[in-house]
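What follows is a set of structures to go through.
Both complexes shown next keep subunit A, but they swap its partner, so subunit B is in the first and subunit C is in the second.
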Partner chain A sequence: MIKRLKICLIIIVCMFLTTGCWDEREINDRAIILGWGFDQNEDGDYIGSAQIVVPGEVGERSSGQGKGYIVETATGKSLLDVTQNLQRKLSRNVFLSHQKVIVIGERLARNGISNILDVYSRQPELPIRTNFFVLKNGDALDFLEVPYKMEDMPSTAAMKMFQSTAGPESTTFKDFLEGASSEGISPTLPILEIISSKKEGNQEKEKDSETFRLGGRAIFNQNLELVGFLSYREAVDRLWIINKLNTHNLTTNLLGEEGNVGIMGMNFKSKIQPIIQNNQVEFHITLSGTGVVRENNTALDLKQTKNLQRIERSFNKNLQDHMINTITKVQKEYKTDILGFGQSVHKKYPRKWKIWKKDWSKKFSDADITVKVDVHIERTGVTGAPLHLKESEIQK
Partner chain B sequence: MKLLLNLRKIKKFKLSEMIDSFSSEEPDQSIKSDLSANERFLQDIFQQCSDVVFRVVPINDKTKLLFVYIDGLCDTKPLDEMVLNLGRASEKKCEVFIFEEFVANQLRAVAQIKSIKNVNELINGILTANVAVLVEGETTALLADLKGFEKRSIEEPSSEPVIRGPRDGFTETLRVNTSLIRRRIRSPRLKIESFTIGKLSKTDVAVVYIEKVANDSVIEEVRKRLESIEIDGVIETGYIEEFVEDFPFSPFPQVQNTERPDIVCGSLLEGKVSIFVDNTPSVLIVPMTFWSGLQAAEDYYERFIYVTFIRWIRYILFNISLLLPSIYVAVTTYHTQLIPTNLLISIAAAREDVPFPVLLEAFMMELMFEALREAGIRLPKTIGSAVSIVGALVIGEAAVQAGIISAPMVIVVAATGIASFAVPRYNFGTAYRLLRFPMLILAGLFGLYGVILGTIAILIHLVHLQSFGVPYLSPIAPQNPKYLKDVLVRAPRWSMHRRPIRVAGQDKTRIPEGQRTKT
Partner chain C sequence: MKISKYQIFWMIASLEIGMVLLLTQSPAIEEAKQDAWISFIFAGLAGIGITFAAGKLSLLYPNQTFIQYSQSILGKWLGRIIVIPYFIHWLSVIGVIFRQSSEIIQMTLFTRTPLFILIVLLLLLVIYVNYIGGIEGIGRCSEIMGPLILLMVIITLFLNFNNIEWDKILPVYTDSGLKSILQGGLTPVSFYGESVLMMMLLSFTEEPKKGVTWAVWGVGVVTILVTISTLEILMVFGVNLSSRLWYPYFEMARYISLMQFLQNLEIVVTVIWIFSIFIKLSIYLFVSSYGIAQWLNIKDWRKVIWFVAIASIVLSLIYPNNNVASVSYLEKYWLPFVLPINMIGIPLLLWGIGVIRKNSQQTDA
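What follows is the complex of A and B.
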């Protein structure tokens, strides 16, 4: 019995000795930070802005009192410094583990963000899977102050917007780090834009306030400096090339006819073939996909195979043109390989890559590129020609 | 003369000691032939026992009969009839015949009788509801078994109701209880061994088992443990339970108890041994395993697919009843990262006005819940509803509205309460009810680390536990895949061919193979 008591005592003492940090803290003593913004002022100091939940107001939000959160800012030399300065303004302990979004102001992004990244992967409390955004034309603080009606917290809204539109491509902090550390492809980040909340097409009646929407992609070079933006449509092209496009609705005008056709595209695939001749690289890009007709604003009867072929031809031509525009923009204007062309060279010509990788952006911008798009329409929906057309109007 | 001397000596002792000495220490006392001497002697022993009746019946001038019995324990109606017959018989023929023999024959017609010469046996006989008949001039007395005391009729046990299954329950009478078993198992292999335990109470205890189905070593162990009990009185099976338990300091019961004959019969057929005690409806079953604490009688009456599902629900709820409050405390105070953001904000909003730390809040609520439960058990039924109203209004409504307790905590405690009610065996659920509090403290001090340490400690204890040589967690630990059929699932009857291995005796087969209906 005494021996057993001794053993129990030893175990209990060990329990006290082997604990880690004593981090007991009530929920109500934590300032839950949902959104974090990073900016840089003229002196080069970082400005951190935090969207902090005010739990007492959350329940009352429906009754119109309070918005459920506050935004506080602090400056400092690093994130650690900023947090410490922020704490001086807060009665509750800064709690960063529940950050939903990290937004970077455009100015900071252009100056380079490599100095703020390390802390996120080093501190265990900071979630590495936070969504990462760049705010186009503005400071991150502006974004955090924009109200958003549908969700309790605007930060959650940004995250959910991204999840519901971007499909399989995730841009958590982890993905960005992976992109930044791998060779042959440069990292990109999704963009948030602050826009007027006026309904499109209804310019007069409403009061002008702000809301935000998801934009295309921000392009970073290997030094993690922002070099430019892709529009939302161009970002879709990029996804197709890097083989991550899942389903996407595509609409195109018919070649030489009036009207347009919309399809729901699926099974998007891409194949990048680098060919090196005379120390000059050439890329043949083959893009394929299948589609289901969802909208037909032409007079064509889609039960006819030749009409389907016409639609496919129009799609291939128009998509090809758009794709070439996008690639040329990336190549000539931004000179940054965000399309993974470097990776394909690395795979096929590993020796050449070792020589080329240092000035790859130059090689990339000089490369000749040919694009071939092959969209195959598999189904046409329930009807052939639009039902509202008279028999005589339908093109067989 | 010798007897009188003895009596004087004995008179110096107290009454209780006197009876003791008569019953065990001096077995050589014999009945005298003088009836009045015997009467005086017995009256001395049963001094101040107002319920003992001495009835002297003169049959004719010479012969007298003395009936001694305890009022209320015996049915005296047949006795009266017999006396009338005797009077008539003696009037008719006044011949000399062995009157003792004649009385015995008359009695034999109405009751089981025993003729004895020993005073101790006589006293014991009177105390165990026999009528003692002493005849003038005879040195033997007759004990007529005319038990006829009031007993409760067989009812459905209110503590273990079922939807499907037999509705009879044990009563306070040992013989009725054993008859309920005998009616279900009509085999001479069903053995009912009797013991008498208790120096004063002399309670009848019966060990019931099926020969060759129960393991001999378990039966022998039960016998040994019962025989070594020295106690003044046994009022309930709980008295016996604490003597036969292997680990009395464990919060987990190692002996199962029930008021249902069908549960006892099911266990007997599995090869277990049960212990009946007179004057209580609850019956002990040994050995017990952890899993039998989570099995209900209906598990074997309902369809097996549904029962498998219900069993898993029970396993989950059982763990919830132990862990939910402590996990809530640990996660909200230490591991806030683990809570989904929306939930976190809701909890934070609900807790905004609460003045207490989560641990204290949890403790208060758990305490109140236990108080409600305890108050509800023993209150008269008419007041009982008041408790639930006060509980629901004060704790559920007012405390939350006043901001003293947060709503999530009420939900957690309520969920824990409901989960703990899902444990089919009441005394098994109490183990986790107890352990919930140390787990709460561990969670409050160390967070999930403490919860995990506590769980590991409980597991170590459970693995270490044994009940009559059977590991408490078997057949999970030590694992025996063959016998998981009745633990992880409830396999169909026709596929459970063997008895649980560690309990069963030589006769291991329950159901021969190949009995599934062919279609």
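What follows is the complex of A and C.
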């Protein structure tokens, strides 16, 4: 009898415990946000804009109707406030965990973004592996409204563009936080630009022909205010210096000769050697990489070793000049160490660094640099000299 | 109730690794900066020392639990008094572990479920394994779950190899210095030292001598894995971020992304991590129920489970927020009292007196 009572009791208890998930939220009760934009208005309030998936219409675009997403905006004092206000416009629960791309408008970036970052690392739903971008010359809202045709969700296109152009995968936010929280390297973010897709430089902006492209790099100071931009090519130089450049195509004019040569560069490595003498720091930067010739618009026959050496020499010289220009620009114009030179001092001269880290940006902009580039060409493709040239035109 | 030497290994390893990975890395990195991994090596050695001492002490009376042999060594009354700190330690830590683990489960999985429900569900499970299986049941559970837990840790470490930038741990030593490194090791030692639970468990093993060896191995394996994971955390997140993240190891699990599709593994990690908490709680519940029963000469130790269970619910809910439960408890009670007294002081004292008594008994005889 008692045993039966016990069993009954257990069954009753189980009935209450196994009624289903307490936290269940149906997928069609969620507004899944993939892209998020941040701007600031004149009053200093934040404007958040969200690109929200409309589940029924994703993948049905071929039938001609519906975009698969909607864009909504809301204002507020902080991200949380913005989300709360956004919710008032949405019939479904705002769901932030799938944010892949977060775009910051240029005005907000210039005013400083330190007030919007904390929420991204504090809330466990928000992934630390997010892609942050700065939108040059515009508001983030404009970006979210660009009808990018190739992807179902336009904002994911930005992420994929970044990954397919030699950028490291989805680490921009973590790298940014690392730069912001440590001395010896300043944070940067990649840039997006809205352009007309038909003709570059076309002033007439038609919505249909609008698209966006990846720009260079936005430079932030230690207060997390935007101070300047690097062009795309300069950003590549920076990636090379901080050892994060993957494959990248490089083209250069031949020294003292007509034409240019293009290579697919790989195995990019860099070595920063700080040398301290008389309380002055000097940096020796050694950059190396290997390449495969992909395009040869010269008359050179690449079967000849001396011609290959000539190409290598041209590459080394031109890349070196460009690199020095980039570094000098960062040093003199922005006076912000985004290249990790401070960290190299920290690693090699830890004691000196303790004294120096206070006014590092000054030391950094005064430092002398020497750059040595060593690109080694490994292969030349399947032809020696260009096939369309006559025998007499080929330069042996 | 008997457990095997391998079960001792799996019990010690799985009860230690869960909380060590969750709670010790952030404070250690905050103190010792990028040299925190050295702190973990020191801490591991100290932990092995504590385990070894507790084991040697228990081997003096291999058929008695700690509650019994403390009376054999110190006499009836003194022996009973000296175990009181342990009851405070065990009961309070059960409450804290319940609180912290439910807090994590709530944070990562069930944001709207009341904490109380999570605690009660976990508690029911723990009571069940104790009531039905006793230490034997717990031992078998750890034999199954332990390998899973270690495998999970190894897989997380492995999947993060592509995110490593090894030069983030430079410069070694100059930024912290010996004092900071040792200080950083303090929190980990206090967690490794939980292996003093052996004093209660060893009398259940079939071969007590080998049991000690395997327990030391348990701490050793945990030390190796935790040291590697600390190194990896530093190399993935850098020193500044990882000292500020509450749970850097979990963050690292969230950071896994392999070939664009192997992502969001933190749920798997959390679920397997709950195994470790389950084993830890079961062992603590067993030890305190069994200990109290022996202490008060109660014949059926299973009756005490209910008392401990209710006490632990109360003790888990008295903290106003998770800061008090994890940070203050650690700083105000665990480090200044439990580590020096319960883990080092009393075991060494008993060992010393016990050895002297044994020797004098032998010379008498």
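Note that the second predicted complex is superposed on the first by the 356 of 396 C-alpha atoms of A that agree within 3 Å, B and C clash if a C-alpha of one lies under 4 Å from a C-alpha of the other, contacts with A are read in each partner's own complex, and residues count from 1 in each chain.
FYI, a contact is a pair of C-beta atoms (placed from the backbone, for glycine too) under 8 Å apart; a residue touches a chain by one contact, two chains touch by 3 or more.
No experiment lies behind these values; they were computed from the predicted model shown.
In the superposed model, A:Arg30 lies in contact with subunit B only, and not with subunit C. Looking at the shared chain after the overlay, A:Lys174 reaches subunit C, while subunit B stays out of its contact range. When both complexes are overlaid on chain A, the residue A:Phe95 reaches subunit B alone and has no touch with subunit C. Residue contacts after overlaying the shared chain place A:Glu258 against neither subunit B nor subunit C. Of the two partner chains placed by the overlay, neither subunit B nor subunit C lies in contact with A:Asp359. In the superposed model, A:Asp43 lies in contact with neither subunit B nor subunit C. Subunit A uses residues 23, 127 to touch subunit B in one structure and subunit C in the other.
Residue ranges of subunit C in contact with subunit A, taken from their complex: 107-113, 117, 121, 163, 165, 167, 170-171, 174-175, 237-241, 244-245, 251, 254-255, 257, 260, 263-264. Of all the residues in subunit A, the ones that touch subunit B in their complex are 15, 19-20, 23-28, 30, 32, 34, 53, 55-56, 58-59, 95, 97-98, 100, 125, 127, 152-153, 156. Subunit A meets subunit C in the complex at residues 17, 21-23, 121, 124, 127-129, 169-171, 174, 177-178, 181-182, 243, 346-348, 350-351.
Contact residues of subunit B toward subunit A in the complex are 332-334, 336-337, 341-342, 344-354, 357-358, 444, 446-447, 449-450, 453.
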